[in-house]
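Next up: the structures, one after another.
The following pair of complexes shares a single chain, chain A, combined with chain B in the former and chain C in the latter.
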Partner chain A sequence: MNERNNGRRAVRIDATGLYYRDLNQLVREAISGGARRIELEGVMGQRYIGTNVYECPDLGDVEIHIHGVPGNDLGAFLNGPRIVVYGSAQDGCGNTMNAGEIVVHGRAGDIAGFSARGGRILVRESAGYRVGIHMKEYGPHKPVLVIGGSTQDFLGEYMAGGVIIVLGLGIDGPHRAALVGTGMHGGAIYIRGEFDRDRVGKEVGIVDPDAADMAEVEEHVRAYTDNFGGSAEEIIAGPFSKLYPKHLRPYGRLYAY
Partner chain B sequence: MRNIEALNNPFGDAKVISNCSIFGMMDRTGRRFSGRDISRAIANMHDRGNGLGGGLAVYGIYPEFADHYALHIMFTSAQGRKATEAILAANFQISRDEDLPTQPTAEIVNPPLVLRYFVKPTHSRLEGLSEDDFVVRKVMEINTSVEDSFVFSSGKNMGVFKGVGFPEQIAHYFCLEDYEGYLWTAHGRFPTNSQAWWGGAHPFSLLDWTVVHNGEISSYGINRRYLEMFGYHCTMHTDTEVITYAVDLLMRKQGLPVEIFADIVSAKLWTDIDRMDPESRQLRSALRQVYGSMLLNGPFSVIIAHEGEMIGLTDRVRLRPMVAAAAGPMLFLSSEEAAIRLVSPEVDRIWVPQGGEPVVGRLECTSEAPKSDQPLAA
Partner chain C sequence: MALACFKLPEFLVERDYDKCINCRVCERQCGWEVHSYDEEVDKMFADTEKCVGCQRCAVMCPTGALVISPHPGRYREHGNWTQEHLRDAIRQSETGGVVLAGSGNDKDYPVYWDKLLLNASQVTNPSIDPLREPMELRTYLGAKPESIEVRDGKLVSQLPPQVQVETPILFSALSYGAISFQAQEALARAAAELGILYNTGEGGLHHDLYRYRGNTIVQVASGRFGVDPDYLNAARIVEIKIGQGAKPGIGGHLPGEKVVGEVSVTRMIPAGTDAISPAPQHDIYSIEDLSMLIYALKEATNYQKPVSVKIAAVHNVAAIATGMVRAGADIIALDGFRGGTGAAPKIIRDNVGIPIEFALAAVDTRLRQEGIRNRASIIAGGGFRNSADVIKAIALGADAVYIGTAALVAMGCTLCQKCYTGICNWGITTQNPYLAKRLNPEIATERLVNLVTGWSHEIKEMLGGLGVNSIESLRGNRLHLRGIGLTHGELETLGVRMVGQ
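And then the complex of A and B:
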């Protein structure tokens, strides 16, 4: 069904019972045909949504709105579109994404932001294990991952770049995540609220963020509250801790004689 | 079934690596429901498997024979059937035997004959063994020494249906829409270095205990040698087999509670144990020392079931996925959230368990008469 929506051509697709390849092909054809807002209804576990549109033109204008539960590797290799999920994302959300934004009005599974190299992921609630594993950055390409609640263990494992911000909203007591930043050698993790400082990875240092750090945090907290509501000022009041890698090559000396 | 090696592991690999789908659903009031929803749920995770193994376990399925051991046995030759039936006749009173009902399913090719036998051990043959241990001994005897026969399951008021195919195809083939149970588990298999065969599909079962498993047990060799000391013979070279025997040894025979079982197979890291209060530290240290050979190392998520209980458990650092949800009396465990939402769009609570921490569902009331099927989203 095609319609004009605020001057943007919108397409609605009923995904009920569609195999992921067929669904993603429909999305690709719609965008290639000029659609700029895709509404997917009845999504239930279909994988790789948003992945196969990389060669369509003007992807920065494209929005994909997902109703239901998208499957693993949502927005893998995403290169420009904005994906909004009205539900939860499963494992591997934003796997190796390059540009664009994923907004999840629910929780995200394990390894959200896996190997991301650009773009931004906003998760309203909590996320699973190994969130932000091996995120990386180069020059202006800097991925950002904001988690509203908390995460499970190995947050920012082998992190090589980018920014992870964990807001601790609505959680009961301190963050439970252990071994945060294990193998970390780049980027920064900002955690709001209490966590067990003795259980972070041994490659990690902890400091209070400075003004420049907080300016960066504030920009993304405002994006979070713009999407999900709440008071940015209350969130920014913190307290935040900054986790950083003590060495850029933590194992360099291990193999050198 | 002596030729399992040639059938299942032609390259002689020491272990089988899998990345599968698992799903479990239980009505904690004991209400029985059909296999329709679990078939839909596991089909929704179709791409996690590759069609080389699928299966389901169901509890509360044979109330008219609740005091009999229900043996589901597959045969690939008439001689195998004859030899196995001779063992059964010599050791059991057989109240009924019949083919498992099947329906033509395009994708299911060359299925073996699968029969069910409702039996009671012949008392003069027990020789001091409990009935359960006697059944275990006879199942082991058939599986290790009789050609062309394999026991799928051997518990009371439950049954395992499995084979080569996708799980939804297996469910269709065995007409599982026509059965009702209060607890179902299902598995879609992705074997990467072993040839598929009907007995090698999940669930693995001994008595009424069943295991469906996603992952790989790196400690298979250590676990296997330890279990051999207790008379368990691992014949199938699939890692899930050691989980099944670990469950039987630790929970059925030694009577350990599930929380202790979890602390043995998904033992806490020493760095975490060092930080516990003295009493917890002493317990966890003792478990690691006594049961060090029962630590299941490597990535896994499993659903273990037996009469009245369903248990979800992952390895201690959660290298395989598991989502849990509660909706009224229903408890769900799944590799993916979407499979749960498909059959139960509204849930009271949905969560991802911490690695190594078991999720346990138990029957709240076993005396109540089974109720008829009701829609889940009541």
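And then the complex of A and C:
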């Protein structure tokens, strides 16, 4: 069904009972055909939404709204579109994404933002294990991952660039993730609220964020509250800790030459 | 505190001063700074301790004045404590580090290719002369359907994506960063001329090499360096790298010194930072997870390209391979323990993994037993030295082979095994512009084309001798092989009979 929405061509697709490959093909055809806003209804576990639209024109202008629960690897290799999920995302959300935005009105599973090089992921609630592993940045590409609640272990392991912000909203007690930032050699992790400093990786330093850091945090916190509501000021009031890599080359002295 | 060095030199540099003309070529050619000229006495000198035995100076010397040989000065011989064991222990006691090595496993493990012999036609079936009759080496890589439907002489079934190569010899993964741009460009150009494929490794795809997209395999490995939709869609085949024969089970650290200039641009990471590839891909902890990435890549390339999964040959390789095929891999790349590398902990290079001969035979057998051999092509790699190794691999069940070290040798490599230092007098495994520039991509391309052309001719001759006119007819036909000097267990695993039977 085609309709106009704020001057953008909108397409509504009923995903009920559709195999993921067929659903993604419909999305691809819709965007190739000029649709700029895709409404997916009745999504239930279909994988790789937003992955196969690579060759479509003007992807930065495309929005995909997902009603229901998308499957694994939502927006894997994403390169431009904005995806909004009215529900929770499963594992691999934003896997190796390059550009675009994923907004999740719920939770995200394991490895959200894994190896991302660009774009932004906003998760209203908490996320699973191995979140943001090996995120990296390059030139204008700088990935941002904002988690409203908390995460499980291995957050930001091997992190090489980008920003992870964990807001600690609505969690009971301190953050419990262990082995945070092990092998980290780039980027920054901002954690709001209490956490056990002995549970971060040995390659990680912890400081209070400076003004420039907080300006960056504020920008993304405002994006968070713009999408999910709440008071940006209250969140920004913190307290935040900044986790940073102590060395750009954590394993530079490991070898005998 | 730097500890005193107790190491003996490994090589002896001998100069025939009657021949030496003080032209200083050796000095300019050596990135290790072995040679130097003393103006006062008008004489060349050599610092033997720095020599790695790459022979660059010896072959470049216009008067043949240099001889580089293993240093005769040795620690007292010991059957258990070889010179190498002593040297490594001394090196580690000075640094506390992990001993690195380049190249492939150089230990004296049995090479099973040398214990397999090919058949030839005599009397009862005629051999074929490839100079007079057509001989088909063309190979199609990709999953084959269970059945096909032909109507009015035309194929009506839709085939999974197939990639055509003119000879079953491909260049294995050699990343830009590990090798120089000149070396990778030569591989790409040679692949284009030969109608075969080269493999980017995990170093991204340099923008100047996008023109060879028709001959490119791109790798997606644990660091995901340079991986974006442009990169994936530039390839003929997308390869997920799980493991590598030279260092099964571990990741890689490209040191920050090598992440400079265009390497940084191509890998899409800031200059000077280590490019760390974690040991596992953290989105793959199971066969189901592997399947998830395979299909993510198929979605990202709109099901236009076969997805290959490369693993190191390890003990349970057959069971792993069947899982890979069931996970949706169109191609299985197996890398035996003799496969080369730019840098690996030597202890792993020399002690982990199994020979490709057994891995290949075991995987082909298992996939046939389970009736799924058609669902994936097999590319075998890891130590192929000549065309006989290649044809024996095809007979054991490979669709094609990967050659890495052989390609480097074609470009000038003499296996000095120092790739990890970033100094390469042959201009291959270096990012030093002065050293890299000496590798002329045009000449290197020609040498690569010559090597693969020569091997292909030899394969045609051997096929003709077997009495078959197509590589297809040999694939997995182990009756063309016989084993010599092998145990019953070895023969059974390889699925070949003993000579004379």
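Assume the second predicted complex is superposed on the first by the 255 of 257 C-alpha atoms of A that agree within 3 Å, B and C clash if a C-alpha of one lies under 4 Å from a C-alpha of the other, contacts with A are read in each partner's own complex, and residues count from 1 in each chain.
The rule we apply is simple: a contact is a pair of C-beta atoms (placed from the backbone, for glycine too) under 8 Å apart; a residue touches a chain by one contact, two chains touch by 3 or more.
Because the structure is a prediction, the values reported are computed rather than measured.
In the superposition on chain A, the chain among chain B and chain C reaching more residues of chain A is C. Shared-chain residue A:Gln90: touches chain B; no touch with chain C. Contacts of A:Thr182 after superposition: neither chain B nor chain C is touched. Of the two partner chains, chain B is the only one that A:Gly128 touches; chain C does not reach it.
Legend: residue contacts after superposition of the two complexes on their common chain; A:Phe77 is shown touching chain C, with no touch to chain B. Of the two partner chains placed around the shared chain by superposition, neither chain B nor chain C is touched by A:Ser150. In the superposed pair of complexes, A:Met44 makes contact with chain B only, with no contact to chain C. Of the two partner chains, chain C is the only one that A:His141 touches; chain B does not reach it. Once the two complexes are overlaid on the shared chain, A:Gly68 sits against chain B while remaining clear of chain C. In the superposed model, A:Thr225 makes contact with neither chain B nor chain C.
Residues 47, 72, 91, 154 of chain A are contacted both by chain B in one complex and by chain C in the other.
Those residues of chain B that touch chain A in the complex are listed here as 44-45, 47, 272, 275, 317-318, 321, 323, 336-339, 341-342, 350, 352, 354-355. The touching residues of chain A, counted against chain C in their complex, run 21, 24, 28, 47-48, 51-52, 54-55, 72-73, 76-77, 79, 91-92, 95-96, 98, 111, 114-115, 117, 130, 133-134, 136-139, 141, 154, 157-158, 160-161, 183, 185-186, 248-257. On the chain C side of its complex with chain A, the touching residues are 91-92, 94-100, 222-224, 227-229, 232-233, 253, 255-256, 264, 268-270, 272-274, 276, 278, 282-283, 292-293, 295-296, 299-302, 345, 420-421. On chain A, the positions that touch chain B within their shared complex are 20, 44-45, 47, 68-72, 87-88, 90-91, 107, 109-110, 128-129, 152-154, 176, 178, 198.
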